[in-house]
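Chain naming follows the written order as A, B, C, D and E, and within any one chain the residues start at number 1.
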Amino acid sequence: DEHPIKVGILHSLSGTMAISETVLKDTVEMLIEQQNAKGGVLGRELEAVVVDPASDWPLFAEKARELLAQEKVDVIFGNWTSVSRKSVLPVVEELNGLLFYPVQYEGEESSENVFYTGAAPNQQAIPAVNYLMNEIGVERWVLAGTDYVYPRTTNKILETYLMDMGVAKEDIMINYTPFGHSDWQNIVSDIKRFGSAGKKTAVVSTINGDANVPFYRELGNQGIAASDIPVVAFSVGEQELSGIDTGPLVGHLAAWNYFMSVDSDANYDFIDQWIEHTGNDEAVTNDPMEAHYIGFNMYIEAVKKAGTTDVDAVKDAIIGVTVPNLTGGYAAMMPNHHITKPVLIGEIQDNGQFSVVWETPSTVAGDAWSDYLPGSRDLIADWRKPMSCGTFNTKTGSCGASAGEMAAADE
Amino acid sequence: MGILRSLTLLLIALASVLSLPATAQDEDPGEQLLFNLAEAPASKVEEAINAIVSSGDERARGWIEAYGNNRLSRIKDTGQVVLVLNNRGRDWEIANPLTGENMGDMSRRELDRVAINNRIRGQLEGILAMLDLNAADPDVREASAQDMMGKVDASLVAPLEARLEQEGSARVRNRIEEALAIYRVGEGNLEAIDVLAGSLHPRARAALNEAVRGDNPALATKAKQALGTIEQKLKLNRAAETLYFGLSLGSVLVLAAIGLAITFGVMGVINMAHGELIMLGAYTTWGMQQLFPGQPGLALILSIPTGFMVAATAGIIIERSVIQYLKGRPLETLLATFGISLILQQLVRTVISPQNRTVVTPEWMSGSLVINDALSLTLNRLYVLAFALVVFATLMLIMRKTRLGLEVRAVTQNRNMARSMGIRATRVDIMTFALGSGVAGLAGVALSQLTNVGPNLGQNYIIDSFMVVVFGGVGNLWGTLIAGLSLGTINQLLEPWAGAVLAKIIVLVFIILFIQKRPKGLFPQKGRAAEG
Amino acid sequence: MSMLEQLTHRDRVFDFLAPVASPVDVRHGPILYMEGVNVSFDGFKAINNLNLTVDDGELRCIIGPNGAGKTTMMDIITGKTRPDTGSVWFGSRHNLLTKNEPDIASLGIGRKFQKPTVFEALTVFENLELAMATDKRILPTLTAIMKPEYRDRIDEVLQTIGLQKLRDKLAGILSHGQKQWLEIGMLLMQKPRLLLVDEPVAGMTEQEMERTAELLTSLAGKQSVVVVEHDMGFVRSIARQVTVLHQGSVLAEGTMDQVSNDPEVIKVYLGEEE
Amino acid sequence: MAISQNWLLRPFQERSTQIFLGVLFAALVVVTFLHLFMPQDSALHVSAYTVTLLGKYLCYALLAVAVDLVWGYLGILSLGHGAFFALGGYAMGMYLMRQIGDRGTYGDPILPDFMVFLNWDELPWYWLGFDMAWFAFIMVLLAPGILALVFGFLAFRSRVTGVYLSIITQALTFALMLAFFRNEMGFGGNNGLTDFRDILGFNLRTDATRLGLFIATGIALAIGYVICRAIVTSKLGRVSIACRDAEARTRFLGYRVERVQLFVFVVSAMLAGVAGALYVPQVGIINPSEFSPLFSIEIVVWVALGGRATLYGAVIGAILVNYAKTVFTGVMPDAWLFALGGLFVLVTVFLPKGIAGLLQKRRKAKTDDDTPTGQEATA
Amino acid sequence: MLKIQKLNQYYGESHTLWDLDLDVPQGQCTCVMGRNGVGKTTLMKCIMGEETTKSGSIEFAEDVELTKKKIEDRSRLSIGYVPQGRQIFPLLTVEENLRTGLAVRKDGSKKIPERVYELFPVLKEMKNRRGGDLSGGQQQQLAIGRALVIEPRLLILDEPGEGIQPNIVAQIGEVIRRLIEEDGLTVLLVEQKLPFARKYADRFAILDRGRRVAEGGIGELSDELIKKHLTV
């Protein structure tokens, strides 16, 4: 086959999400370039097909359809927000596409056609809380998040988890703010008050993107130092920090599966390539970029293994594929379409980087269905034949309805 | 606790140590100390720090600070401990921690950071605070004593008491007494509660709270009483704080809206690109800070005129290229300026970056103005509040006292007639639009100190700005001021009990209902004239 | 029968004069009754204890210096301005102060504004159509059809106001005087019991003025007309009863001769030589 | 030609409506034909993707017509029409959610997935009834209709006009957006409603259903257009214009301006609701961003670009802008905003009356009978 | 002072002024008359530049060609304009309305000339009220006062007596005369009311359907002419 392999890139280049997603587009483009420099795969070139879904959720679905139905791409790398993924999901399922999703998310999903290379809650939130509890001795918790599904779900999981661990209800404060919230005076003041009850307090932040800068500014100005009330964030990476004056933030934390500061050769190489690709000496890398790096390499491996880009063949081949990650270890694609990841806790430094202060002893496999939510406790996903099920109920021993229907539709 | 014991030693040794000359060169003991620190496994770090602190080496403080700031690294090949002077980018500038001699740049790959974590950092801060307790500057001593609050343990009581003896400043004495009292309340000392009864400091309250929870009934009762009085005072402070939050949010709204009050309120141009003009002002600040690295304050001050000029120039270009063709078709300005706003946003994404830019807050704008332990006003917002008022007053003067104000109103009310009166309408248009745009630029300069500087900046403020202008009554600058401040205050009053989202919704519903009552805003144009 | 012809038979009640809705009860007194009306704007007393009655079928001229409150008085009658105190009755049944503009209009009070206001984006014909006395509720308006008799009536009025040629032109392009006529036409279409006419002849030539005078006098009798005008020639040609307003209250009332010889009136209004 | 006496039939006698309906139906037929009967690989084949895309454009066109009705003829610049569109969409979305039944991820026969994993125990009361198509379809009209009625009643009664009205419509949609973002509201928060399966028993993921929806949208647009045209050409339409240009004067003629405004506003809101309802099954998701004030402003921009107070201009504007968006985001993903923004600027500067103005000018050269187009009303 | 030759003007397709000639001699009051809609106001607008002309010339003060000039430059030549319909600035106060004219004054004065208040005392009384709130007649006085602020050489008045109480109308007439006689002002007046025209104008010109059909000293304004051109 002489046709190039078409790689769809479905990341917002305009609108509110452009701030996060443009670098992911550039990352995939860079990876494609590099792969082509290595001679492509199966002797075929790779070709990027870029579209701009413009941070508009229905447009994500439309563009996904355009990529799959019109452009006939072999695979899509894309999406950041969960809502955009939810919007695209029916389309990739209907048209039997492949989607690599690189961002940490709330879990509770496993699609036959989607590969989740970002963290599930058990690969980020739970370990972070464990760290705070065990290493820092936190007893009182503020769960602050932007009001949407990822923080809601994550906080739900954490609340259940914390209560299981014996934390009293009054020691948990939950607070939601709208997207792009910029006036944090009251909330920070509340946090300060909440933290003055004589117990070590920490903030677990699922605050999204743009709202973070004013949040941290306010923290700094109201004099909340990391040593008093540390904030551990799940959505603040190097990209976000590059827009913040990090001076007052030193010591606050983030939990990710990758930091740019990680001391590994693979990482240093990746950074060098990235800087060369962007032509910007100050360019930073971050966790979702690593996720794409992993996802991309997994895809390449799977295509090699399957010997074709045929979607079904790749889907089968990719489970079990293992590729190096950037932190010096390996990532494996699990049967539930999530991958294994190390969990790192980093402290913000004054240079806008994180220094790793703690990490899990080994990699953690992503859990599609949380063990801390009653509705999904008993569910697992396994896309290997013959089970091929995204919602297998271990109690009843049967596959959930949606998968059943999908299987029927496939016939 | 090891570290604190070493502190005691340190304090006693200090006076003499400070005057010691540098020790002999051949065998620098510092080298070993640093090596030990770098090599220490997590459990031995404390010991290593102890060793450094109690060594009496005058460079100790620098090392500890560097360690706390993640600036101690080792060269992978040689194991030598170095000081990282600049850790941005791929090549780091390093120096010899023993001699201070600059060792040039070294790739980050070659370096291995000496690990530190939050817990240790917290302890280091305690150490540094302790060191500061003897500083010459009473402010430093006070801050240090304040840091000690809640961190005092048995080993520190004696040195603190000793310090108390010598201390001349009443402020510092108070702090030290409070710090000691917190410790003593923990020990079950009833009198200590009297010391804390008037304190608004959160740590004092924390200590009292703990006493209430504790199993000493006498202590608990007394602590409860003390807490009661404190709560009373806190309430007042909290009210003042909320008011401040409200005015501060309000001033942001006013700043964002005031330029629009000119271009939209006075000229009648539905300027959807107003937000992007604000954005330009914010980017100017960023640009100025790039031009003057290391001098964020100077850059910020220079940004005020430049931000104005940049946005005003952009305004003039917009006026000349588009708006002038839309005279008498105000609604179509919406279409055109919407287009311009899209273009400007994407222009910034393409030319600068889709990511946010870092704008540094100068020293003098960081932190808070401390009124008391429970009430402090964040400085950046205080400056913005003042700035908003100054901008407002200036604008008011221009519109009221200069001919421009009169002419622009005449031109918008009846363009042809104004021209028949010899008013150069074109020039008036340009100047007014430039003024409104320039003020938007000023808003951007101010906002750069509060929020993201990025391509979406404008979008976040455009809706609010229109809301404020209209709520205040179109064409009335006072209205804009009052509307902004009151909407901000209402929002902040609601937030504590309704939450941020609901508070915002309630404010919007309030606006809707308010407009039912006063269909022409807060300060309506009255009389026949308004009915047309 | 053309309307003008109809008008020559004053002894009959003509169809276009037949009351539309809520008949006005004038058996026991005047058609318009204002008592003790006060209005002030930001402390400025525009209407000051004004008392005025207009009898059914009367043609009343109101004159008075600029700013005397003539237009404001009409604003009060038509519901545009709410007085601070006082009472205003239409017939003996309708308290106008409790009603809003459309209510008052449907009761049968029509008004021509001082500054001609017509619907500029509609044609002359459509302007008259909208003014026509019909059911003005939503659904009837939506389903309204242009009956031939309606068309005829509009054409008649067009004839009367001399704008036949401009029938299908947008009202926005009319000259000042043409707009004046159009507004008079709209008033005629409304078939009101009481017409309030604010400076109808401003900007008209002498001859047009005469036509207007004829028109207004012919309306009087069956309809009541209140005319405000500064052109003394015109006022003289139509007036029977003249009221002079000054500083918001009645300064003088009487026949034209009485009034124009009143020294006060001469002083504040007419000027020495007339 | 005798003008029909029936207000609903009147539009059919207008040349512009005849042309509009002719073009619309021709387009429906041609697209259907090309989709069904052209081989997949033919250059003339219209793919299911394109059919859905066109369907979406038609939904937007109907929405734009609704906005033009109130803006162009009544002078009410609604910056919140997205709210009515979204409400219609949510009503439909709720129906579609209920149609999923136990095929959802968690297999709960009643609760939608998002409720299951956020621990809702039962369906909130306002979700009741949405499993029935007739009820949902009535709500498609009623939800926006009632909101418009209540909101309009308050606003028009108090004589809120001009920019004040525009801004409170904006506040309305903004408030609704924030409310719908809240997960507590029970509408799926930011994720909204998605993963629909079938509508009226037809599988939404088949091409035939898509074509059906496309045709249904076309017909809805035709009906909506005719209704608007009928209103506009009726006496009520002229009263609307009167209200737009001289509200006070209209009152003195005895018209209850606020009722005229309310009537037209509610009709327009319902049309917007229908547009939203047809939009949702075709794009597959409804989320609070449809309530975003910027979306509502964008709708106004379509209308202005197409040409205000013409109705067909609104259709042209909506289709053109959205087509441009589709094309530009595909072929020039990095620079499409320049192109779109530039388009807006150029049209305003060079085509004062929008695209319809251009068409009118050419038409005017031929005939002279022209429905009056709007003068400048106040914003 | 003003010499108009072969002026043609169109509103879109419709030809409103036809080959119009008009002479306004210095130091006199010329009165333009004609039925409604014949183009009087249009002519004034052409002189002021509010409407563009198709062809013809308007010459001001012997040597300045007006047709090419911008509106504001025309007023800066000291042409005062009192338009039909008053056109005051409704939201400006009376004083502000007057002050708009100060920009043009040759002496650069920042004060409103006392003369204006003298002529129209009501304006002083209502100094701080918004223009739009004034009664119709007060607005008309304001419009005239405003035009006088610029100390015009040529004053264009479009039906200035409209809506003004009789004694003030007479007063305006007197003012016009006084300005002409004392200051050498030139006045171009549009007026429908014959007595007023006869009393205060020096010359007349009659317009009919956009053409000038008669012209002459005011004494020559015969009943025949009136009947022919001014009756309906």
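What we mean here is this: a contact is a pair of C-beta atoms (placed from the backbone, for glycine too) under 8 Å apart; a residue touches a chain by one contact, two chains touch by 3 or more.
Listed by chain with UniProt protein names: B = Urea ABC transporter permease subunit UrtB; C = Urea ABC transporter ATP-binding protein UrtD; D = Urea ABC transporter permease subunit UrtC; E = Urea ABC transporter ATP-binding subunit UrtE.
Remember, predicted model here, so these are calculated numbers, not experimental data.
Note on connectivity: the fewest steps through touching chains from chain D to chain E is 2.
A comparison of the A-D and C-E interfaces places the larger number of contacting C-beta pairs at A-D. Remark: the per-chain Cα centre closest to the mean position of all protein Cα atoms belongs to D. Rounded to whole angstrom units, the spacing between the C-alpha centres of chain B and chain D is 44.
Averaging Cα coordinates per chain places chain A and chain B 30 Å apart.
For the pair chain B and chain E, the distance between C-alpha centroids works out to 62 Å. For chain C, residues touching at least two other chains, in rising order: 41. Annotation for chain B: residues 345-346, 459, 501, 504, 527, 532 touch two or more other chains. Of all residues in chain E, those touching 2 or more other chains are 133, listed in ascending order.
Chain B meets chain D in the complex at residues 268, 270, 272, 322, 325-326, 328-336, 338-343, 345-347, 350, 459, 463, 466-467, 470-471, 474, 501-502, 504-505, 508-509, 511-513, 515-517, 519-521, 531-532.
Contact residues on chain A toward chain D in their complex (touch as defined above): 13-14, 50-54, 56-59, 61-63, 65-66, 69-70, 81-83, 86-87, 89-91, 94, 108-109, 147-149, 152-153, 156, 176, 178-179, 373-376, 379, 390-391, 400-402, 404-405, 409. Interface residues of chain B, counted against chain E in their complex, comprise 403, 406-407, 409-410, 413-414, 416-425, 475, 525, 527-530, 532. Across the interface of their complex, chain A is touched by residues 69-70, 87-90, 108-109, 112-113, 115-119, 121-122, 125, 202-203, 205-207, 209-210, 213, 241-242, 245, 248-249, 252, 345-346, 349, 354-361, 366-368, 376, 378-381, 450-456, 459-460, 491-492, 495-496, 499-501, 504 of chain B.
On chain D, the positions that touch chain C within their shared complex are 3, 5-7, 231, 234-236, 238-239, 241-242, 244-246, 248-257, 259-260, 263, 372-375.
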